[in-house]
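Chain naming follows the written order as A, B, C and D, and within any one chain the residues start at number 1.
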Amino acid sequence: MTNAQQVTSEILSIEPVGSYYHVVFSAPSIAEFVEPGHFVAVAVGGVGSAMLLRRAFSIHRATPGHSIEVIFAAHGQGTEWLSTTRRGDLIDIVAPLGTPFALPNQPIGAVLVAGGYGAAPMGMLAQALRERGCEVEVILGAATETKLFGVLDLARDADSVTVTTDDGSSGLRGRVTDALPNAIERINAKVVYACGPMAMLKAVARVASEHGAFSQCAVEESMACGIGVCMTCVLPVIGDDGVTRMVRSCVEGPVFRGDRVRWDDVHTVPSDVFGAPVVGGH
Amino acid sequence: MTNAQQVTSEILSIEPVGSYYHVVFSAPSIAEFVEPGHFVAVAVGGVGSAMLLRRAFSIHRATPGHSIEVIFAAHGQGTEWLSTTRRGDLIDIVAPLGTPFALPNQPIGAVLVAGGYGAAPMGMLAQALRERGCEVEVILGAATETKLFGVLDLARDADSVTVTTDDGSSGLRGRVTDALPNAIERINAKVVYACGPMAMLKAVARVASEHGAFSQCAVEESMACGIGVCMTCVLPVIGDDGVTRMVRSCVEGPVFRGDRVRWDDVHTVPSDVFGAPVVGGH
Amino acid sequence: MSVDLSTSLGSLHLKAPTLTASGCAAAGRELAQFGDVATLGAVVTKSIMLQPRSGRATPRMAETPSGMLNSIGLQGPGVEAFIEKDLSWLSQNGVTTVVSIAGETTAEFAELAARLSNVPGIAALEVNISCPNVESRGQVFACDPYAAADVIAAVRREWTSDAPVLAKLSPDVTDIVSIAHSVREAGVDGVSMINTLLGMVIDVDRMKPLLGGRTGGLSGPAIRPVAVRAVYQVHAALPDLPILGMGGIRTGHDALEFFAAGASAVSIGTVVFGDPRAPWRVAEELSSELASRGYSAVRDVIGLAHR
Amino acid sequence: MSVDLSTSLGSLHLKAPTLTASGCAAAGRELAQFGDVATLGAVVTKSIMLQPRSGRATPRMAETPSGMLNSIGLQGPGVEAFIEKDLSWLSQNGVTTVVSIAGETTAEFAELAARLSNVPGIAALEVNISCPNVESRGQVFACDPYAAADVIAAVRREWTSDAPVLAKLSPDVTDIVSIAHSVREAGVDGVSMINTLLGMVIDVDRMKPLLGGRTGGLSGPAIRPVAVRAVYQVHAALPDLPILGMGGIRTGHDALEFFAAGASAVSIGTVVFGDPRAPWRVAEELSSELASRGYSAVRDVIGLAHR
């Protein structure tokens, strides 16, 4: 576990990109420790805020000694507030958090699949994989063109980029998983990395398994603390011992092996989980 | 009662002045209705704020068809937040509120006494009095020089300005009431207008009475609604019928006749007040 | 899509789903500068007592995170002046009026009900039983199922009008369902919930409770989850009992939570202090929230979260 | 001026006035990246049960105005794994540790007390009686003076250590003073208060309670006035009973309110989620608040608002 740091950061820039915002946070002491898949927890609301909890965002880019960057969608109150901040504003951040993507030791083929702002960590990841000699295919999907992120940057960082949109406004009409089997076969990928909505992750994990590839999925569970102390962010994950446990996605995740997450049982407590209620008991 | 309006106002400027901030709010539909002593209630905290209640400020200046201005001290969380707003920000305001200073029908002598930001409404008041042919003396007091407000402007709007500070850093060392008897005598004032801390108002009301002058005091009570619906802002005031009632300072005030306020009983429920608890009862 | 926002509380038809909350809109007159109060579901007036009452010493309020404490102490002009000045204004202006009454003894409540029974222009009576019972060492009526039922039964006996009687419940109890049961047995037509939670702020400069009344009632969005839970519990136990829901409603989205939990109408209280147009705004927002989810009438969502 | 921040809870001396709150700091380890947990008054561990426990379905939290709801459902590894992994880490790192225990029956509480009695490194036991009693149709122990006293008496019988036993009280009661009386009679050395308030949020898109557990516990600054009132009431009634105060403490100023109301030490819970340095920061701020008012020791202000 990398030690997380809590720092007062200056917003170095904040700009809209498509349906999202791109923020650069000063983070000179943090950036060097960031690995692809880490996230940052951002305090929102400023003086006198009613919002107690931080918002989690994948780290998009980290410039050692200088800054970290995120891509976010203005969704509810906290992100709406964040979208009104300006260059020079000071914001409290905690990073790097979580368990990042596991990188292969061999120069294997890897497919990166992302939905919407799930593309945020993929640039760093593609770079890290290519540094290890991996061939990298990227599939980016979104509901519609304005919700695609990172197409141009990833075209530079990866060997090829395929785009899908639900409405066909850009790239192929359809889902990322429609393009996934081909991509896996093309480069004989041994691993699939995915970041996006739960339904997408589930489908990606299944397709990867079917094609004999491992998958590494970055999940997005609602988190109160982001640092492992509250137990709100759990999901059922099968351990090395075959036992399913309710596991914290902020510490043990957000990245999990796709074949270990019990996707169909997310948001439930499976009856065979470690510590499950006994009949007649709790 | 002037009808108050609730409008979304743009901050046209916000600047520090001494220990205070001077804000200009766009208020084209409101400004023409403002009289000296009216106040504005400002929503604070923005998106996702924990602060539900508005902050009340005396209206310093009103430019018909255009704007209203206030002078405020960054004191607690709400005013601190207000001090971080910038030109162009949109803020919800309600104004004009309250019962303004009563103006004389005759061209009599008037002394205006203010403590700290209590000077805010005095410029408008001095102008209104001079338009009616009154002679206007002003006494401005504060703890120290940086907490004085409006000395130069009032020197223009009034016939003479006397300054007192507790520490002698500007003008006479002492209290406004030290200078008050002289000022009353000098112009044979028939009325004293005052705005500032409760202790000052009480002393001013007493000195005015002693010198045969009426006083009009703008009080500052903690207010939840500012519009007369909640009953938090009351103080014991003697009515025309001689009966003391707990009266709302946001509607019946903030300006009261100094000889009608039971200054020593503020923050209590005097036993002879209308509806007072009966012994053995509530 | 136009959404039908009309609803009812027992026999009382309401043209709009949002009411004011007792003590948060005086007797409606001051709000008239911000909107037409006759278009609201109803104005619920500040709880009125038999006699004029000065209320508590100031400070009477403290702002708290997403809420506030108040200790007004039921300041008011007494029922006679109320009828003469406030009720007559409300009637003249065509305002649907729910009159809230408060007393310190069961007999006082009964006397108020008797006095108001034949007064025209009262659409419903809200019995604020969250006041201290002087005959029971100051225990709040609403905190004791027997005392609560006694008051309601006494009011019921004196109340000869057809307008429904609502009991206003306090959340400061171990089991709000048992209180609801109890007042229902005693004959209420519905319940209003929730009143404020007992709270305190200490002034650490004076090292004393800040409020003149020492403790005060906590209201505002801070308490909304408690209010929604209370409404949900009572609706689950007594699905036929009409509920006027309140506690921290700020937006149409919040109001929708209350309807889904089982409220038939909602009151907007504390939020009015920060936004005098809130009772109208919340109704408009509720309409959009419903429309965007494909509902055509607010009545269709009452209690929907219980399926 | 240097301020003496040491205090005590009964026989337990605390070098610092701020503790973590049960369930808001796991077993301390994760907070170690943000500060030295050995310098805190104590780490209060997540309530532990006899057996491993999976907790409730997600979503387990909802942010609410100035607060949050949680329905974790006491997920934990069970007491054996807790002793082996968590307590040992805490001991090795010199952390003052208050162990919180929870059970579904009086017997479970007793068994936990017996099991932990001879385990070294436990500075105090906090008995979380705000859990549903399966033998009493799920009524929360802390909501019934008899059930609460039974648990405490049972724990007391098994607890052979000198370390003090605290009962953690729920605010969801008509009269918290009577519960405090009752657990005091049963032999506690102090009380921790308050636990969360029962609340609910409705997901109006799915038209269902949002949380997997339907209801949840409301915590955070939203509930602070209720907590301060509870501490004040219990200290007024039982001035000698040590109180560990909590509920929405965010700043040193807030903490000072609790001390003035009668707390001997305070726990920081929900606010840690937004600010992992809060337990240390609040202690520093408390020191300045005291110094600026001319106090030289936090002990000097305990209960000062009662004069």
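Just so it is clear, a contact is a pair of C-beta atoms (placed from the backbone, for glycine too) under 8 Å apart; a residue touches a chain by one contact, two chains touch by 3 or more.
What you see is a predicted model; the values in this text were computed from it and never measured.
Peer 1: Going by the stated contact rule, which chains contact chain B and chain D alike?
Peer 2: Both-contact set = A, C.
Peer 1: Looking only at C-beta pairs that count as contacts, which pair of chains has more of them, B-C or A-C?
Peer 2: Contact tally favours B-C.
Peer 1: Going by average Cα coordinates, which chain is farthest removed from chain D?
Peer 2: Following the centroid criterion, the farthest chain would be B.
Peer 1: Centroid of chain C to centroid of chain D, CA atoms only: how many Å?
Peer 2: Roughly 34 Å, centre to centre.
Peer 1: Could you tell me the distance, in whole angstrom, between the mean C-alpha positions of chain B and chain C?
Peer 2: The mean C-alpha positions of chain B and chain C differ by 34 Å.
Peer 1: Between chain A and chain C, what's the gap in Å when you average each chain's C-alpha atoms?
Peer 2: 46
Peer 1: Whole-Å distance, chain A centre to chain B centre, using C-alpha means?
Peer 2: Computed from C-alpha means, the inter-chain centre distance equals 55 Å.
Peer 1: Would you pick out the residues of chain C that each touch at least 2 other chains?
Peer 2: Within chain C, the residues that touch at least two other chains are 65-67, 220-221.
Peer 1: What are the residue numbers in chain A that touch two or more other chains?
Peer 2: Those would be 50-51.
Peer 1: Can the chain contact pattern be summarised as a line, a ring, a star, a complete graph, or none of these (other)?
Peer 2: Here the contact pattern is complete, since every chain touches every other one.
Peer 1: Give the list of chain A residues in touch with chain C in this complex.
Peer 2: Residues of chain A touching chain C: 50.
Peer 1: Using the touch definition up top, name the residues of chain C that touch chain B in the complex.
Peer 2: Checking each residue of chain C against chain B gives 23-26, 30-31, 33-34, 46, 51-61, 63, 65-68, 70, 72-73, 75-78, 104, 132, 134, 212, 220-221, 270-277.
Peer 1: Note which residues of chain D are touching chain B in the complex, please.
Peer 2: Result: residues 65-66, 221 of chain D touch chain B.
Peer 1: Across the complex, what residues on chain C touch chain D?
Peer 2: 62, 64-67, 69, 143-144, 172-175, 197-202, 204-205, 207-209, 215-216, 218, 220-226, 228-229, 232, 248, 250, 253, 256-257, 260-261, 289, 293, 301, 304-305, 307
Peer 1: Using the touch definition up top, name the residues of chain B that touch chain C in the complex.
Peer 2: Contact set of chain B toward chain C: 3-6, 43, 50-54, 92, 94, 221-222, 224-235, 245-246, 251, 266-269, 273-277, 281-282.
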